[in-house]
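Two complexes come next, and they have one chain in common, subunit A, joined by subunit B in the first and subunit C in the second.
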Partner chain A sequence: MVDTAVFRLEGVTKRYGDLVALNNATLEVGANEYLSFLGPSGSGKTTLLRVIAGFEAPESGRVHFEGRDITNVPAHERGIGFVFQNFALFPHLTVIQNVGFGLTHGKSGLSAAEVERRAVEMIELVGLSGMEGRGVDQISGGQRQRVALARTLAMKPKLVLLDEPLGALDANLRSRMRNELRAIRERLGVTFLHVTGSETEALAMGDRVVVLDRGTIIQTGTPGEVYDRPASPDVAHFLNRFNLFDGQLAKGSFTGAFGTAPAPRATRADRDVYAVRYDRVKVLPVSAKPEGPALKATFIASEYLGSSIMNFFDAGHGHPIEMEHHLSLGAPDIYEPRQDYLLTWNPEQAIVFGREAV
Partner chain B sequence: MTSTVTIQQRQSKVTRWLLIPGIVWMSLFLVVPIAMIVYVSFWTQTTFNISSDPTLASWKQFFTSDTYTGSLWTTIRIWLIVLATTFIVGYPTALFVGLFVKSKTLSTVLLVVCVIPFWTSFLIRVLAWRPMLGKEGAINIVLLHLGIIQQPIEVLLFTELSVIIGMTQIYCVFMVGPIAFMLSRIDRNIIEAARDLGAGFGRIFWKIIFPLSLPGVVVGAIFVSVMVLGEFATSGALSGRKVNLLGNIIVTQVGSLKWAMASVVGVVLTIVMGIVIAGFLRIVDLKREL
Partner chain C sequence: MESRIIKPALGVYVALFVLFLYGPFVVLTIISFQQGPDGGPQFPIIEWSTYWYRQIFGLTPPSRIAPLPFGEALIRSLVLALMTMVVSTVLGVMSAQAFRRNFKGSAFVFYLIVLGMMVPGVLTGLGTSLLANNIIGIERHWYTTAFATHVAYTFPFAFLVMLAILNRFDSSVEEAAWSLGVDPWTTFRKVTFPLIFPGVLSAMLFAFTLSLDEFPRTLFASGRDQTLPLAIYGTFSVEIHPNIFAFGVLTTLFSFALLSVYGILMAMSVRRAKKMAMQEDIA
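Right, the complex of A and B next:
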């Protein structure tokens, strides 16, 4: 898929005083790709986007776009579109004036009629036909999001940067806009870089996911790769899909709160962590004698999620353990609050990180 | 349902109680006095006396006398000039304080600096211009010493110019404040978005920043207009009685107990202010903006 790198970052570093917002970030992005950047707030993902857009200049490193070094090219000459987190629409202009703003006031050199034709075309593309004359305070949040997108796309950028574009929308709208964004991108064949703090969004939308932590890119891969083989305990943590146990990795087995479990394939990391996916955990009565690792925990509560049920356990010392039951696998067992249960899993399915690993 | 009604009733009762002080205050000190002024303007004035016999004499006198109509036009001319100068000086200041200064603390400090002259009394601020602008004032001394001029500039003090300079200095801050406030509320991302879309500084200013600051300009203009139209002290102190605004006429008329004429001028002034404010409010929908 990544045959022609449209866009390349080489060792980009950005500091704000003592704070290193971006540390030696290197990245290649292909044409017609959807890339999502995942990281907690303060991980540098927005800074990365702003450096790419040209709103911030990096201290060191180069930014290449379409075979050109654009590190010192001002934002509006880069041909890169930016969709702001809060949409940043012009509040005193109508929908069509917003969409046509760049064409009218930039260096497009288009006639008024051409500007209008293209603006109408973009409004149609994002599904807002009939709303051209509305003020942007007269439309809903989802519609504003579409206007922001149309305004950026009207400039025909080769690369579109989206800064938490769905963050300001409610949950319902968010999942609808997710599909919409992908559909629009596929129709135009433009590369999208999408920054998000939501692991679901990152995994759902990206052809590839880039995970950032404290200014450093800690993993790049397809959603499947990132999900199945997180590169570090931090990635596993951000994915919000794993129960993490501290402990010690020694001679191919991991010792933690659950006892000792075999850990033949460990990933090298700066600390020893044992990760078990929520949906790999099995619940047994406290009297059971399971073969693998086992951990006594108190059932707290459950949460119904539609297609699955999340059960929350407390393994003592405030260590919460989550267990997900997919309802397609059958009706859920009913657990008694404040009762003890035995949690177990197949050690083959666990992911182990450790200093000792190769 | 019953409970909803009682809550509504209780609320409307509370509303009434909250409204009473305002209504009483406004009636006693605004509605009644204005009605009184309008009424007195039709009274019959003799040299030493005034009677409530209705007459149009004072009104006729106002509109036929060059002194009075001239003062009306002077008031309007000075108002327009001061409005323009406060805007020309105030807008760039507000642009700097409200938009270019990124730190909120610094912009607050700068606004406070603008207000420092108000720590002294109005009259002192006005009179302080005399030693500045006078024939042997600071400006002339400096210019003479630098050899830029050979003769002191006399046009600086006791002319319309000195009134305009004084008023511009005093009222400029009322223009700066509201504009800076509106500018500081502009989302910086909007400006960045406009730049990203390829608009240059001029376009961004005229198409984005200025329209969004317009409510501030209107509020500032209303402040300045109301104060300048009712002015009498600055013109009295800095014009050497050469510039007579409607405010000065009222002061002299009241001083010589010509209540009827003072009332006529008062009514004219109130009408002019009403028209000006109504005109400004047509420019923007302040209800929506604030």
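Right, the complex of A and C next:
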């Protein structure tokens, strides 16, 4: 990774007044890598992209790109593409003028005919052939997204920053655009840094996932690593796949609302949290006497998600306990609303955080 | 019950409003068609005629009433208004652009600019003329000292218009242009300017019309050669003939023509603004 790194951040810090938007961020990105940035709003992920693009200057730290220190290079000389959440198309120009904008007015040195050829090629790449002459107000949201992408890719950047580019699209378009982004990346060999607020998107798209919280990078790893071994309770929380229980870790056991369960391989954290993935929870009749953890809870409702069913239980501590049943594993059990059940799981599969752990 | 009182009351109010707004112009128009050269600026109309209009353009036989000495004054005023319009609009766009970023002392600079439209005009004019005569020691002219006061007066209007426009401007389109390798100056010309053009048009209109009929500042600062408002005022001190009213009608028509051009250009660029608004809706 180090040898092929196209891009490196070294201890980048950015403040807005008293607010630390980015705290000592260090990161290395390899050629042709797809990096997802995940974090709640205000976690500094957009700031990170804006610093990389050159729209904001960091207070301290360096930004390297293709072996060059670009910390003080203005945005238009960086050669880094940026796709905005609101697309930021030029409303007074047509589709083809938008796509050819950088080639026409930048330092490409291409003739008008060459610009047009490249623009047409890019429009074809994103599947908008035939729309060249339309105004950007005459196309749909998904098409605008493609224009924004084609406009950026026309400059042949080695690095493209995507700032929640799929956020404004409906679910259907979103998954289609995800596939297209992947295909484009295969074809053009571009490094993508993709900021997203959706954990599904982050896990689905990234070769690696970078999790941010309050301006700090709190975990970097492959989607599998992040999903299976979240580095902290906060990461587990953002992934939106875990029931989190407060309690106490002592002598290799965790005591919480569900009783005491063995926790031999706890991860060190600043507080004691017990995490159980939604699809690891089992539901038993209230009369059952399971071994291990058991939590009495009232069934509230269920949500049909297509490939699985999400059941919500109230165990009397604020947020509901969620239990996911994958339909590929068979028909779901039917639970009675307002009935009590016993929730249990295999403690081996739980992820435990604690101050006591090493 | 309420609307039975309030609605007619509001109707009367609007009627009065329109009366006060256009009443003077209607009277002016009627008197401008007075018979000439013996008819004066009073009712009743002795006989309807276009004598005074013809007199303005020198199409009537010489009489005891001298033609209005407006030719040169009109040209001076138009040139001055154009110069003021260009300089104030450029300054207004540039300074409003500067205010998009917070800089040290921005509040102070803001009030400094706005002061130009707050200070009583006579004081500005008098001060400028004293400054020119006694301190710097230069001659006063409509295209030097008066021009300066006109810019100081209209620049704040252009500035405020542009400030309002740029306040709502989504800077991500500019950042998008930079990220495509386009330098900031080209970005301004090719992206920012076309999008803020409706505002620029309004700023231009403000500066032009305010300068065209500026009186108190020009009175002291313009020196020997008079601008149109000063020349008109000068004729009042002798004797008033309906030719002044005919001239007033013509300048008003000119203003309407100007407004129509503005309206057409505005309608053309509103289409653009709508596109931008639609794009913002998506975000």
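Please note the rule applied: the second predicted complex is superposed on the first by the 353 of 358 C-alpha atoms of A that agree within 3 Å, B and C clash if a C-alpha of one lies under 4 Å from a C-alpha of the other, contacts with A are read in each partner's own complex, and residues count from 1 in each chain.
The rule is short, and it goes like this: contacts are C-beta pairs under 8 Å (C-beta built on N, C-alpha and C of every residue); 3 or more make two chains touch, one makes a residue touch a chain.
Model, not experiment: these values are computed from the prediction.
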Clash or fit (per the criteria above) of subunit B with subunit C on subunit A: clash
Contacts of A:155 with subunit B and subunit C, given as first, second, both or neither: both
Partner chain(s) touched by A:230 [first = subunit B, second = subunit C, both, neither]: neither
Contacts of A:141 with subunit B and subunit C, given as first, second, both or neither: second
Partner chain(s) touched by A:86 [first = subunit B, second = subunit C, both, neither]: both
Partner chain in contact with A:58 - subunit B first, subunit C second, else both or neither: neither
Which superposed partner A:215 touches (first subunit B, second subunit C, both, neither): neither
Larger contact residue set on subunit A - subunit B or subunit C: C
Contact residues common to both interfaces of subunit A (with subunit B and with subunit C): 53, 55, 75-76, 81-82, 84-86, 88-92, 101-102, 105-108, 151-152, 155
List of subunit B residues in touch with subunit A within their complex: 187, 189-190, 192-200, 203, 207-208, 211-212
Complex contact set, residues of subunit A against subunit B: 53, 55, 75-76, 81-82, 84-86, 88-92, 101-102, 105-108, 151-152, 155
Interfacial residue positions of subunit A with respect to subunit C in the complex: 53-55, 74-82, 84-92, 101-102, 105-108, 135-137, 141, 144, 148, 151-152, 155, 168
List of subunit C residues in touch with subunit A within their complex: 170, 172-173, 175-184, 186-187, 190-191, 194-195, 272, 274-276, 278-280, 282-283
